[in-house]
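Two complexes, one shared chain (subunit A), two partners (subunit B, subunit C).
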Partner chain A sequence: MISATNFVQLLFSGLAMGAIYALTAKGLFIAHLATARMNFGQGEFLMIAAYLSMALILAGIPVAVSAVVVIAVMGALGWALERFALRPLDRFRSLAGGQYSWVLTTMGVALIIQNVATLVWGKSSQYSPPLFSESRSNVIKVFGVGVFVEELVVIVTALVVVAFFYWFLFRTRQGRGIQAIAFNPEAATLLGVDVRRTVTLVFVLAAVLAGISGILVGPIVTVQPHMGLVFTVKAFAVASLGGFANPLGVLVGALIFGITESFSNYFNSKFGDLIPLIIVLVLLVIKPSGLFGEAKADVR
Partner chain B sequence: MRRVHFVGLLAFSTAIGVGSAQAADVKVGVVQGLSGPPAIVDFGESYLQGIKLAAKDYAAKGGKHKIELVVYDDEANPQKAVSLVQRLMQNDKAAVIIGTVSSGNVLAFAPIMQKAGVPLVAGPSIATNITTQFINENPSYIFRCSMVEKHQIDAMLDWGVKTFKKIGLVHSTTGYGNFAAKEIADGIGTRGTKLVAVEAVAPNVNDLTPQMLKMKEAGAELVLNFHESFELMYRPMPKIDYRPRVAGNWGLSSLKVLQIVGSQELEGTVMGQALDLSLDEPKAFVTRMEKEYGKDFRWPVIAALGYDAMQVVLKAIDSASAIEHKAVRDALEGVDGIKGISATPAKPFGLKDHECLDKEHVFLGVWKGGQVVRLQD
Partner chain C sequence: MSADSQRIWLRNLGYLAAALAILLVPAIANDFHVHLAQTLFYTAIAVIGLNILLGLSGQMSLGQAGFYAIGAYGSALLSSQLGMPLAVSMAAGAFLACLAGLLVGLIALRARGLYLAMATLAFGFIVEIGAQRWTDLTGGTMGIFGIPSLDFGSRSMGKSYFLWVAGALYLGSQIVSDYVFASRYRRNLLALKENESSAQTAGINVPVWRTAVFAVSALAAGMAGVLFTHQSAYINSDAFTLNLTLTLLIATVIGGLGHSYGPIIGTLITLLIAEIIASFYDVSFMIYGIILLTVLLLFPQGAIGLLQKIAGFSRIGTSRKTSQPREPISNSLVATREGREVRGGGPALRIDGLTKRYVGVTALKDVSISVELGTVHALIGPNGAGKSTLINVVSGLYAADAGRIVLGGRDITHLPCHARARLGLARTFQNLQLVPSLSALENVMIGIRRRRGAAADFAAWMTSAHFDQIERGHALLLLQQFGIAHVSDARPEDLPYGHRKLVELARSIAEEPAVMLLDEPIAGLNDEEARQIADVIRRIRNEGTTILLVEHNMDFVMSLSDRVTVLDYGESIAEGTPAEVRSDARVVTAYLGVGLDTEQAKLAIAT
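Then we have the complex of A and B:
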């Protein structure tokens, strides 16, 4: 039987990891929404952002300035990904298998980023300093359990980003443009939506989200060149669970995943990482469109 | 595959020699884990740094032979390790091979080398049975200069059982982690007690809060850390308000762990050791390595064992009656007069002992004030 204190402790751990998965998965979600494509290197984008943030903070640059620089660099990286790795291959989409070229190119970019990180920062694990406190032992009490400030910030950031995405997608012209492209790119063009610019925008947004995740996740986990794949896989599982439908679905999917992971590791750590993935599989068998997705034909 | 080998050869092949009075080139093959999981790379690169320094010293002293190191990266992959060893034996004609980090890789290629009659000095692999399974062969070609898992676990359990009432274990679900867990379970059983909690953890986890909560619940005063991500265990301790004594794999002595975890959090952590940094010679060795490799030097004990392994190999090559496998093997068995940086004795091997480190050479080290010193309590 689990004590109340341990229950709350595990809940916070699960929420913090779930929030990271949510931020990473939102990058997959927004790119998929507009283009039916994703960046399979989303985890590597997170990794490089964590390294950049670590390097800037260790160089004595204030956290806020570092965060702005990292987000700007990640935005540029997202733009470069779309401009140089995805768009040039669009003209081959009509050829056999051409519509899947983005899988290879995004994976290729992921490998390049991994190798660049290895060359610059080495193959070993690295320490990323805490963002909001002097030492990693700085803990605050919430509902009687200890929580790192960084964990709370991650949770709050995930909620803020969901709110922002709701507003952006449903209340702004660019957001409606993304939805129009998702429905029918040709029709969107006729309605005056700049499809190319909007597609670039979603990949910039996806990269920025990976950047925010990277900045926040660095001090919580150990930074190393191979850390990205696990986040990509889990973010993909989370986005599938949410149904690639709306920002709230992604958040709920991520929090379910993170909390399940935390509790399953407590009850049986040998299979702790496996159980959430099995739960995702079972839920997808029951509801293939995800928890918040609607079963409908893709008309694109 | 072929290209990777070629690049590896270009990148790492190092010819070390002086003067024309030297005998013909002797190739020493090295297979190490130089890419892949960070813990593997830290082991592999550190051991290789020691090997290279020993080769450099040998050349500087005007060694009898011109030594060529042929170094390959097995990427912690057993299939690749086997093919690289075959390449070293058949194409490169290495007189002797040193390697590698993963015990599973060594256990995959050691039988092939034994059958082919090519001497192997294993390291820094740690599995207990690497040399013992061949020791009754006539003759055995398998030697090792590394920590032996059973020796460090025995030392740790002798101390742990005497000092603490409740001991827990966190280990990884890799081949290494499961192997260590079995040795610990057996060892603690023979000491008439049992572990209060055992947590097996996947190798790629990011958070050990759930597992450490279980340790806290079980009241473990000592937690044995046999997970390859050595630093993970320390992370949740402040937030769950639980500070047990930690003891574990010799990997905990890495300067990388110190850098990640921090001196204060690591204080009192105990691990298997074979390098006494309170002595002058190891201290001088560390200073030299820091000068040679700068911030890339991160693991004194592993580098020291790499250095000693190469010293042993070079001495055997010098004293062998001929540069051929059987003669080098025989010479390895008879090597004497080694001035080891680690606890490697002057005469490391014998007819029925192919380990540089025996039980009496392994001791417990402890982090104290940012340094690993010999455990006194």
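Then we have the complex of A and C:
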């Protein structure tokens, strides 16, 4: 069956990937919360951040500095996405299919980013240098079992970022502004929330979260230009599993998803990564608002 | 020959000319162009399906490549591995894709908008990965070789034969699409896209429509995939990635979303672009990305929209001008009721012990009302008394927590909204629920029942410009009787509020209901408009329709109603004739609070 050692290792790598999915999905969650739109190129944002981080570290720049640079670049990218690919669409809401134009414009941006990455770094998979330890295969003993240091640090970092994210959303003025426009943009305006700036902030935040995910994920998977779609799909799955309306649900959903995937990969190396996705699709049929979402009626 | 029938004649001549053109392509084009035309035709079929799905029903699918792949692999494997004849394997492939569409449609049933986009994206991803890795079945990136070509055994004529089959299937799909855009299918799909509540209350079975349109778009994608398979006798998994879905979406929006001829134009443009940029393979994704952004941000109405702008039309093909009916069908507002009348001597609508709880609030507490046949029964009460909740529960938008609702002797408590509507229960909404992109007339037509099956209607559409004359005439007549026939082609947003209320009332009357639920029919109207509505209500009552009415305007209620029920905090506190209710002490207290001199209060409520 499965040894205790394997079990713990799978658990940790599942938690590590789950933490990454949580970060990526948080970006989708916050954008959806505030604007009912989101970036369908979230995975491509993650991918380009992973490449940037890899390139900077390989160029000899200290990890901390390169992380700051990558996060700044991703923030700028998020700003540009909102400013040039989303905001202009507000004029066309009433057209046929106009309510979903944002899906296609964000995908258009994703295509461009993917192409740029291919042009700069080539098509083949690359290994990003480790962030926190000497080598990718550095292990540390946990309960007497060797666990990859990188994975452990990824879990801790991701959880810290998620905690910070909650603090921001619930305890700061800007965070409450986001919740206010999520509830009712017009009322928020009357209460002094600058809706435009808040919407921009939301997409900057979403891009930054994808950026942090990209920095963290580089050393634990291989980096290649087509990796984005996988992360977009899984982040969506995770966000809808948790119910888009429930911030804690996203985290729990992501960790469950990551662990399930880790184990299903172990038992079936060929299709293992599809199993959690299929489970989520079936769950969506049974419980469309997600495991932790609240059902909301919108009739008058 | 009238202008209308000339138009139909010209249209059918156009179909004939298109068929001739398809026949002639192999004679005048070289191999390369024949191949391009083949690809154009079968790709356009998939785009037609997507256009109906996204442009009419408003459902986003990011998984069309999945259906395309299922059609392609289905027919490839059945014909090459099991040796089935092509006709069988192709039909089976398209059927499998349709079946997959039904399954994914189950998600569409429950999940809306974003969830659906996500679910279809995941579906496409799963099929893509499956095609890549299930190498025993699909050959993965190595592919399947030796798939029989659709050439009817002739090597030399094979390409022409394939072109003719693809062209014929395209033309057939185009004609069906044209019919969908001209008929009640367009109206119903737009209704469920833009205003689900009104679609349900007009008797449209929203889940069935939603799923069916998904299955149809999957069928179209599957047909395209099947043809693709037998075009080149070889397929591999590289053909069925998200990029295919995106290409189909690009073709849909480039052509013009929500126009019947958008798909063929969009597919043509997309294929031409693909040919032009084939030599810039390195940057092809970037070019596609830039095209998506450019079209959506600068020309969101697509090629058709641009052409219309150039030609100076504004809304061609979306709503055609309505000619006045030649003769009134009947002077009665409620034209025919076809046995939907309430039988027996019992009340038209009986509400028994109805209870509805929201979180923390009991909006309705054991409310019982008996609405007698052919009467106007008013429901009054202070704000928050539960009046609108009662209407919502009775019409089926909310489920009751306890109690029974009986319509003409039939228990409808557990029936879905649309089924209640079909049994003769119509309603209007307090805040209007019209379909924004349909004209006033078309909004009324949503309420009219279908008179014949789809096949008969399609045949009528093929042969006559007046295939929906009876529906149109009936709807126009209603608008005429309300004095707003002159605005029948206007969209709701261009109408004054009072007119919009009349349009909604006309739509619910068009349903020929046994019982009508009117939620604040004169709120926000001026005196003249209110009088007009009162006249209409009296007339439909006199013609035998039963009415349950919620309204705050006391003059209106008292002058119009046969009986009045008073709700307060979700409970029925009084019932009787207007005069009885007016002098009921509990009612006075509910409206004005305690501590007031009763005579004074009566005076207040009476005025």
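Assume the second predicted complex is superposed on the first by the 293 of 300 C-alpha atoms of A that agree within 3 Å, B and C clash if a C-alpha of one lies under 4 Å from a C-alpha of the other, contacts with A are read in each partner's own complex, and residues count from 1 in each chain.
FYI, contacts are C-beta pairs under 8 Å (C-beta built on N, C-alpha and C of every residue); 3 or more make two chains touch, one makes a residue touch a chain.
Just so you know, these numbers come straight off a predicted model, no measurement behind them.
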Taking the superposition as given, does A:K123 touch the first partner, subunit B, the second, subunit C, both, or neither? first
Tell me the contact category for A:K270 with respect to subunit B and subunit C: first, second, both or neither. both
Looking at A:V204 after the superposition, I want to know if it touches subunit B, subunit C, both of them or none. Which is it: first, second, both, neither? neither
Looking at the overlay, what does A:T105 touch: subunit B (first), subunit C (second), both, or neither? second
Per the contact definition in the header, classify A:L77: touching subunit B only (first), subunit C only (second), both, or neither. neither
Tell me the contact category for A:I48 with respect to subunit B and subunit C: first, second, both or neither. neither
The answer to whether subunit B or subunit C touches more of subunit A is C
Considering only touches as defined above, state whether A:P88 meets subunit B (first), subunit C (second), both or neither. second
Is A:A22 touching anything from subunit B or subunit C once the two structures are fitted on A? First, second, both or neither. neither
Common interface positions of subunit A, toward subunit B and toward subunit C: 118, 230, 270, 273
Subunit B-facing residues of subunit A, complex: 3, 6, 9-10, 13, 17, 118, 122-127, 135-139, 145-148, 220-222, 224-227, 230, 262-263, 265-266, 269-270, 272-273
Where on subunit A does subunit C make contact in their complex? 32, 36, 38, 40, 84-85, 88-89, 92, 94-101, 103-105, 107-112, 114-116, 118-119, 229-230, 232-233, 236-237, 239-240, 244, 270-271, 273-274, 277-278, 280-281, 284-285, 288, 297, 299-300
Taking the complex as given, what residues does subunit C use to touch subunit A? 54-56, 58, 60, 62, 106-107, 109-115, 117-119, 121-123, 125-126, 129-130, 133-134, 197, 242, 246, 249-250, 253, 257-258, 282-286, 288-293, 296-297, 300-301, 388, 392, 397-398, 429-431, 433, 436-437
The residues of subunit B that touch subunit A in their complex are 34-39, 41-42, 45, 173, 199-202, 204-207, 209-211, 213-214, 217, 229, 231-232, 235-236, 238-241, 256, 259-260, 262, 264-265, 296, 298
